[in-house]
């Protein structure tokens, strides 16, 4: 764990851009946690008098068509964004890593598993998520599940490739020649060597999950409208795009900067990795 | 050609460090082969990595010293500065081939890469291909093997691929860290012969690290002997074998097994090598030295200058005092 | 003294298939190799680089899959063993790998790597016992106890190589296959390790297959030597006779090419000993025919079989 923390932090020491990315990410987490304290208004409080106000001293980001404070909604939106990100990453890792590792170590299981993954990957990502939502129904947890399935495919693919490579490492062969079983090999040799590349993968998944979730919300298939999410704000505000562009600008900016900063984090981590894994991830 | 002076490599922080290589100096002339021998773990590979500018951040670091290639300091220059000054000219053959080759590239691609790097640095095009280099290092079926991945080759073949990559850089100076340990004696003879030829015809200079004293005798021109991070003796090769001045050199020579006589127990140097930082005063070899006296353990030692370029870090070099 | 051999390798053949530029090619890495190893015996294997020595070792410990032949270890065929018996076998036959750095997991400490076999098989009664044995294993190969907490990249090449030996002999195996196990050591430390192995042989009855290019070392440690060329054994004999009177022409070349520690014998530029043999197309006759000074017409048509020419001495050559 210490080693993992170190791999995570070292890349940021001497890279201002990457450090900024990490900073924004931390800011987002803090915002999400402290939302009730930070938000000046109740995000769902309707105020018919102050509808569609442009940014001003009382409402820094302006208000929407119901008079709700956009700043407060963006702040509360960070909660959902964080939930989606953490949810999707956890789902993708918890399912994708075992699928990838076991497929690589047990070729017969792997052949079936990887064909299945191939099938899933043959759909465009958003279409796959949409299809799953249609089956599962609308809702935050279903959105997480649907997006999670999309990134389970790439995660298991990467894990599979890395594990196949690790399996031919002499030190894994050496362990086999000592009588190590699959469980031992996975625990002592495979997983520790997967930590850093998967950290990179996780940060990219986190970023793309934001975009996918926003798209689902925008299509009215994600979080229910009563929950303040950045995607919902975009969806609801889109008819006012010419009259009140701030309805779109602030949530849109929040989505973009979150995804962007996570990509920076991922890049920084990737550049610090073992060159061998770097070559593999580039593919 | 290459002049290393007062090179110290340390671990730890700048205010609390331990030297693993201390004040190492040597030079290699044009077309010369300098052999570097010494106890396992005495700092030979560290020295060469430092000269290559390859010490990784967070690990051992260069505390003092310079390494000049035709007057240009190669240690402290950034890689691009070296290239701009036209001094990409050092190549290295690493000690453990499997860990230094890229497992996801074919060996042909890796040699090709070296050829391209050289071309960028010098601007001149080589007429040798990856296949030619593989043939040069005696790999059979070179035309087919360029498509092989490192793990599909035997240990000695990988080692020869490393040599091919280093040669493809067409360096002025080659650092070869135990380059023939996985080669049988006939292939080894051909590789050594190739290196000798490159020195004689192209003026290549080589730092040749090895434990094989037979190879030292056959190939190198001068020898530097290291012990516990220091160069304890430098001399022409025949003097090292016939008139070793430092007790460590002499002890090392006496450990050579005689193939004609099988013995029950092989001769070793008694005692263990000093750990880095363990001995700060006097001679690091004193605890194992048969001739050590009290003052050996006290003062910093001077180099004793013996005949023709022969130096030994010893107060009582053998054959002179005794 | 005729003992039942501990390890009996019979007709072992191992092929690799590999893709080379779109074509699938077959490399016959080991071809019809047979030898026996008695308890306490050390068999040296020497031969040209790439001739299949490592592959023999890897086949015996079942890392490579031979397509023909059998290996009998204390009466049992190891290729048909499975389950718990196989797990036990893994403790009894251990290999020291040729590339020490690659055989150590970069993310595990030296101590963990050395103790790994014991951990897998639950051999340590307690943490303290594990610690004691690791320290002992390190000091056996001339390394300080503090190395246990280090990581592989913090060691020198020769130190890593000694860790490889330490981890192979920690569970007290019956057979050690040492692949180029002392090549990165200076003569003094090398002698120390060889003495240690000789001690283990006396005290525990350790047997060894000792693969090496250093003929001096092979001469010191082995009882018998097998010379391989292109996947086959071309000569086996007791050590002294093979060094003093090599018979097979390849063995003779090998012995003559040994570098002598005499600075008056210098290597010359442009040594040529003929084309290296092709791995992919085996010639019809003797694989050494192209380079052989004794070659006759039969050599290009018939592959010579190993035949006994003196007690304990086998040579595969038509013309000796």
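As written, the chain order gives the labels A, B and C, with residue 1 at the start of each chain.
Going forward, contacts are C-beta pairs under 8 Å (C-beta built on N, C-alpha and C of every residue); 3 or more make two chains touch, one makes a residue touch a chain.
Just so it is clear, the model here is predicted, and its values are computed rather than measured.
Chemist: Can you name the chains that touch chain A as well as chain C?
Modeler: B
Chemist: Pick the pair with more C-beta contacts: B-C or A-B?
Modeler: Answer by contact count: B-C.
Chemist: Measure off the straight-line distance from the CA centroid of chain A to the CA centroid of chain C, and report it in whole Å.
Modeler: The answer is 51 Å.
Chemist: Counting in whole Å, what is the centre-to-centre distance of chain B and chain C, each centre being its mean C-alpha position?
Modeler: 27
Chemist: Report the inter-chain centroid distance for chain A and chain B in whole angstrom, where each centroid is the mean of the CA atoms.
Modeler: Taking the average C-alpha coordinate of chain A and of chain B, the gap between them is 49 Å.
Chemist: Note the residues in chain A that touch 2 or more other chains, in rising order.
Modeler: 170
Chemist: At least two partner chains per residue is the criterion; list those residues in chain B.
Modeler: 98
Chemist: Among the residues of chain C, which ones contact at least 2 other chains?
Modeler: In chain C, 99, 102 touch at least two other chains.
Chemist: Taking the touch rule as given, give the residues of chain B at its contact with chain C in the complex, in rising order.
Modeler: Counting only chain B, the residues touching chain C are 37-46, 59, 95-99, 138-141, 144-148, 152-160, 177-178, 181-190, 192-194, 196-197, 200-201, 211-219, 237-238, 240-242, 251-253, 255-257, 259-260, 262-269, 272-273, 275.
Chemist: Which part of chain C faces chain B closely enough to touch in the complex?
Modeler: For chain C paired with chain B, touching residues are 16, 18-21, 25, 46-50, 52, 54, 98-102, 142, 144, 146, 153-160, 162, 179-180, 183-192, 194-195, 198, 213-217, 219-220, 239-240, 243-244, 253-254, 257-273, 275-280.
Chemist: Give every residue of chain A touching chain B within the complex, in rising order.
Modeler: 10, 165, 168, 170, 275-276, 279-280
Chemist: Can you tell me which positions in chain A touch chain C when the two form their complex?
Modeler: Within the complex, chain A contacts chain C at residues 3, 169-181, 184, 188-189, 192-193.
Chemist: Looking at the complex, which residues from chain B come into contact with chain A?
Modeler: 58, 98, 102-105, 151
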